[in-house]
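Letters A, B, C and D name the chains as they come in the text, with residue numbers starting at 1 for each one.
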């Protein structure tokens, strides 16, 4: 689904990521860890085309990201649901419209997905906040809304950056369950997190691989996780 | 992203796409108000241009008939000198027409000075030729010299030439009016571009979110362009209407002299200011579109 | 938060406080450009007002001397009728002065018609009284009636009255100039208020952060007010200078008629437009201050 | 230091917090937990005057918050260092100036505190990012910068909302150590977090009390933590 071939990235100073090669096959479940500032967010952005590798080749769904125009990138984003670390919304629209935004933007009729939407909102515990504006949400509620927005279109792949940073343990398990469910439906999942407990919990439910960024390159974490 | 598609999108509208751009309170008012104020000023500049145009036209016409050639010669030579003078005048570039005044006309001209009972026939009154000049006017000095050579009894009297600078002033005023319209159009364009850029910059988050969920640039740009074009259109329409109302309510210049009939629009000229909002809308469309495309390119 | 303190803060400046407000690219340009364009227009409106003022003044003066009373009476009664007419004129409100023309002057007046060799003494020429009116002017019809009654040989000739609407048009044009200056000032005030409000709204995060670390409202407001006032001042100064340069470069009206000497400033009038940037700065100061205080109250 | 007397709060709908009474004495160390959306952030905002209680009385440093003007609130903020859940900065100023902002705003000379500043930056692991702009920081780096900004003035009290949500475990312990150090210097500390491991780690170093928001009121958590 996503392939990195000898990829390096630098923001202008020294290289942050060096010579990374990786294949994320369709239907796989990956965790990404590493200390704060190691480059997890950067790595994810390389995967969904928000950043272009300074060296090497990244391809998504078979096409090289370097060759993609803006419209191709837009099309890619509809196939990949993304949860940003700093969850941003359209602050003037209520939560339910924000969660449904991918449908709006791709011209899909929201009417037919209404049941889907309210089910999803109740799963992430936001039924009561459906009509609230994003600035009125608590930190954890924002993250849950962002995850709901990322999965509403049943995308082929879900990329989530620290989706449980502000969320208590019970709710985190609930969100994990949602992602595991999607993975069982064949979707590809990639999650950056520093929460080792979450990773352990996931490993009991699916066969997840854990990647770790260390010394500017990617390692497969051992069985200690 | 093609211009026509964008233009159509504005007319067609898209309730969904409209909602994704936040109602940007102050910037919205700024745009609308700017467009309105500028349209108001443009109406006045237009009225000024048209009025000074009319004024200049009239003054030119009146000026054209104010010079005379006076021929005093001994009785026998008079007819010959009149002919000579007329020949000279005919050959002078800038002279459109000449006309020999008859006795009755001369009496009418002199009436203010002597009253109606003047025995014109008994007086040694010189003959007079009215000189009607064209737009460019003639070279008075050259004409004088030629007259002196060919019809020594003829004297060119263009004592109303002093009005000429007035006419050129009126023409200049008209040019000034058009210049201010151009200036206003430029200022509106710049202001709306800047307002649109400011709005786009202030809405970087909106753009990031829309990109994240897979909105194409054309979708984002159109939402902004539509918003700003409609605002400029509304503002300019309101400003134009207020401006036209103000002009309609302006006290009429008294018509007695018929010389300067005030600042109003005449006849079909009332349709001219209606072009202003349309132009403002077009300017806003072009300005916002360009600003949106640039902002979207910049904001990676 | 007191006005004087804020005013002083602008002059004094505070490098630290300045840095906390982000350089808001587009809004900055918008403000500066708006102030500049409006100042430019204001310079022209001012020049127009002054020029039309001068024009109206001159025309009034010239008009004042253009009416005459012509008295044709049998030889014996002439002196009595002249006296009677002068008495009437003296009592007419709006007449500033009267003057009986002597023979030489009458000859000069008739020269254009008859040439210099006219035997004035031999002709039955009526006497003439030049009527110099004051600003208000007199009531021509009333004067005519009184003259008919008291000096039947006297005829009021105000054939140059047609210029009167011109003069009133010039005065109206001048009022229009001042009106546009007022309008421009109002528009600038509104635009800068809106731009400042937009900037403050766009900088809600800056305000939140500053509040969080314990900045007082006066500190935050001053930083914004200073920024906007200086921008408006700069923009208006540049606009004024460009406007003045444009006016200085405008082709002079030919001075021959001396009637309308174009749109330039004369003498100390060149100092007048220098008031514009100062006024713009004051307007911007007041507008931004009010916008800042309101925004800060709204943003809890 | 901070006292709440029968305080209730509602955002307009039902009451979120009801009849809470609490005394945070000077020099104490408190944790605040509770599920996402329980009202932790709301409670902290009541404490430092960003929100005014709809009922009841909150007093800080002996004065009633209701009686405070805007300038008094500003003065209070200089005595209380706050880490917001969504860390906001002046995006146009480099990290070091942002961290030093409380000094700038209060008119204190930054020169004399320069050593202090660089020491602090290196403690939170941001020496390399001192000249970066905030938008260039990673999620965890932002949180660390926000904490550094909150403590730079050595305030009487530090209130931190989920300060380790995006931070790996090692760095979290480092930040905890900083707060413990401040507490030992007599400062009052109040931290909202859902990270139970962090609370356990803290309890081994200081005598911290753990408050839990449940059913709209505040409970003292048991010895299970």
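Rule of thumb we're sticking to: contacts are C-beta pairs under 8 Å (C-beta built on N, C-alpha and C of every residue); 3 or more make two chains touch, one makes a residue touch a chain.
Keep in mind that this is a model prediction, so the values were computed, not measured.
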item: Contacts common to subunit C and subunit D (chain labels); value: none
item: Chain centre separation (subunit A, subunit C; CA means) in Å; value: 67
item: Distance from the mean Cα position of subunit B to that of subunit A, given in whole angstrom; value: 62
item: Distance between the centres, which are taken as Cα means, of subunit D and subunit A, whole angstrom; value: 29
item: Pairwise touch network: line, ring, star, complete, or other; value: ring
item: Pairs of chains, among all present, that meet the touch criterion; value: A-B, A-D, B-C, C-D
item: Contacting residues of subunit B [partner subunit C, same complex]; value: 24-27, 29-30, 33-34, 37, 40-41, 44, 68, 70, 72, 109-110, 112-115, 117-118, 123-126, 155, 157, 159, 161-166, 168-169, 172, 176, 180, 183-184, 187, 190-191, 194-195, 197-198, 201-202, 251, 253-260, 262-263
item: Of all residues in subunit D, those that touch subunit C in their complex; value: 50, 70-71, 74-78, 82, 84, 88-93, 97, 101-102, 104-106, 149
item: Touching residues on subunit A, where the partner in the complex is subunit D; value: 11, 33-37, 40-41, 85-86, 125, 129, 136, 138-141, 144, 161-162, 165-171, 194, 196
item: Interface residues, subunit B side, partner subunit A - complex; value: 16, 19-20, 22-23, 205-206, 208-217, 219
